[in-house]
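Across the two complexes that follow, chain A remains constant while its partner is chain B and subsequently chain C.
And now, the complex of A and B:
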């Protein structure tokens, strides 16, 4: 019998027109597209809000990491309301407090600080992803200290 | 807990503590013995958004009325806060270094900014708004913004 490989679902904030929402989505893209494409998949918050069955099923089968852009914590709340399991929730503001040097600005296009903050957040998420995958019997992963340098992925 | 004046506009409820005075910008001042404690109003903190960092001028800093006493960086904006009184900073709220969000959570108590020794409280208080005047001002402002 072949088991289905577990993937961690990344659910970012859907806040449009908010810098911190943009940082959350950029971090999610970095994780899902560049750093851990084999171990993660993206879920759109809007689909969960609409009750999309495929998204709900994805959450039923896999742990989720949520990234909230503000204290309303829509991503975390929506995953829970969709019967998903939040393995770890991140708030962009809390991450920014740890990286004061990366001041995010911009919305449709983040400034340098926003991009760096997104990368820092992505690296924190990767640490959690690796922990989840390792504990679920998945493959061994690179240390987050060996992540590609910023910009190495194009 | 001070008595609060309160109004609701749209989905937002704003509170004004009735035991202190206010600048038009929303910085409050409360006389405590020989010292004056300062902070920001509930209205100002709600309009400004979640506080990421708060930096208050260090102890010993002399200030004139409206000199910058603190800078607050929120998810929306950076705000330079003018001192509501002239005097010297005797103490600042060190909790803000670790938990600046207390400004959002408890603006009239735990989220205070600094304690000053005022040089001319009588003159400064004359420039400040009493709670009812500040309440009317922000109520009008909030209602205009929601039209």
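And now, the complex of A and C:
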């Protein structure tokens, strides 16, 4: 092993025209900047689209968690296209179904419901991140198994 | 009346999540789409050029497109050209920030004052480019500007109702694939064309076919030597379409 601490790569969708895209982006920032800055890093989808070598290398060495705002699942598809391993894919709509009390609105700026949904999503993502990091013992690996089940309302 | 797209300008923002400038591209694009030029612009999520279908990849051929990038990597401009068609214009936030002597944008989640200024300046630049591009004639078959005024029988007469930002998550350009002489051919906009003719009460037949083909040729390349085969296939498909509508 290289001794490089493993990080989980968080890949939100770039959805620009719908609220769920903004929720996806916001949740990714909450995880990477607030909740698990030591264990996660962000990957920009636009760089994956261009086949950016540094991004591909990052995905080759670390598992990814993708967050998609719509059924087209661009983030998940792009990680797989880039030969990355998707440890867990989250669809914002599915998460919303578990937290229907939060009604997201807004694209440029999310309303309170959108912010709350992003936080709930981020907390689910953190659960997966912790599982990955704990099971990997901080070492690099390529496949993730036995991830925790996600229940109703978190 | 069916909303067969009139001439609009496409905006593709890099949305780079890693940089404050990426957030600037996203917010500036949204400002143009929602507030500055809502009736004249559409957008697509950049990854759809790869993750989407033929209708998504036709985007920059169908619309003259402005690529909006945050940094020197110019992912939006390069990806648009690589997977769709060459953008008609480009804006790069870092260049604009230097040109306008603005402060350094910071804060990916919540932009600082300089970042918000950069959003305003970028949006203004995009809106100016939109106006410039709308004055020129765009050829949807070649994806290039042309000095020759193309046949415009449809798009100029359609009502424009979209007033909000739209992306291609479910709102891409509709396409239809037909088998012609054993080859699969993709037609951009064909479902909307059929719907429009059907709603106008035009029955399938030779009298309508010429009109349909004129409209199809606005959006698609029809090789002269293959036109009879194309016409036959499209008329057959229009019959099927009308049959389904009656059955509903």
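One rule holds for everything that comes next: the second predicted complex is superposed on the first by the 135 of 154 C-alpha atoms of A that agree within 3 Å, B and C clash if a C-alpha of one lies under 4 Å from a C-alpha of the other, contacts with A are read in each partner's own complex, and residues count from 1 in each chain.
Assume a residue touches a chain if its C-beta (ideal position, glycine included) is under 8 Å from a C-beta of that chain, and two chains touch if they have at least 3 such contacts.
This structure is a prediction, so every number in the text was calculated from the model and none was measured.
Clashing of chain B with chain C is the outcome of superposition onto chain A. Once the two complexes are overlaid on the shared chain, A:14 sits against chain C while remaining clear of chain B. After overlaying the two complexes on the shared chain, residue contacts for A:79 are found with neither chain B nor chain C. Comparing chain C and chain B on the residues of chain A they touch gives the larger count to C. Touch criterion met: A:44 reaches chain C, while chain B stays clear of it.
Looking at the shared chain after the overlay, A:100 reaches chain B, while chain C stays out of its contact range.
Shared-chain residue A:70: touches chain B and chain C both. Clashing C-alpha atoms between chain C and chain B appear in just one of the listed stretches 1-9, 37-45, 127-135 or 217-225, and that stretch is 1-9.
Touching of chain A by both chain B and chain C, each in its own complex, is seen for residues 18, 70-71. Within the complex, the chain B residues that touch chain A are 49-50, 52-53, 73, 75, 100. Those residues of chain A that touch chain C in the complex are listed here as 12-18, 21, 25-26, 28-29, 33, 42-50, 52, 69-75, 77-78, 81, 107-108. The residues of chain A lying in touch with chain B in their complex are 18-20, 70-71, 93, 96-97, 100, 103. Considering their complex, residues 13-19, 22, 26-27, 29-31, 33-34, 43, 45-52, 73, 75-76, 78-79, 82-83, 108-109, 165-171 of chain C touch chain A.
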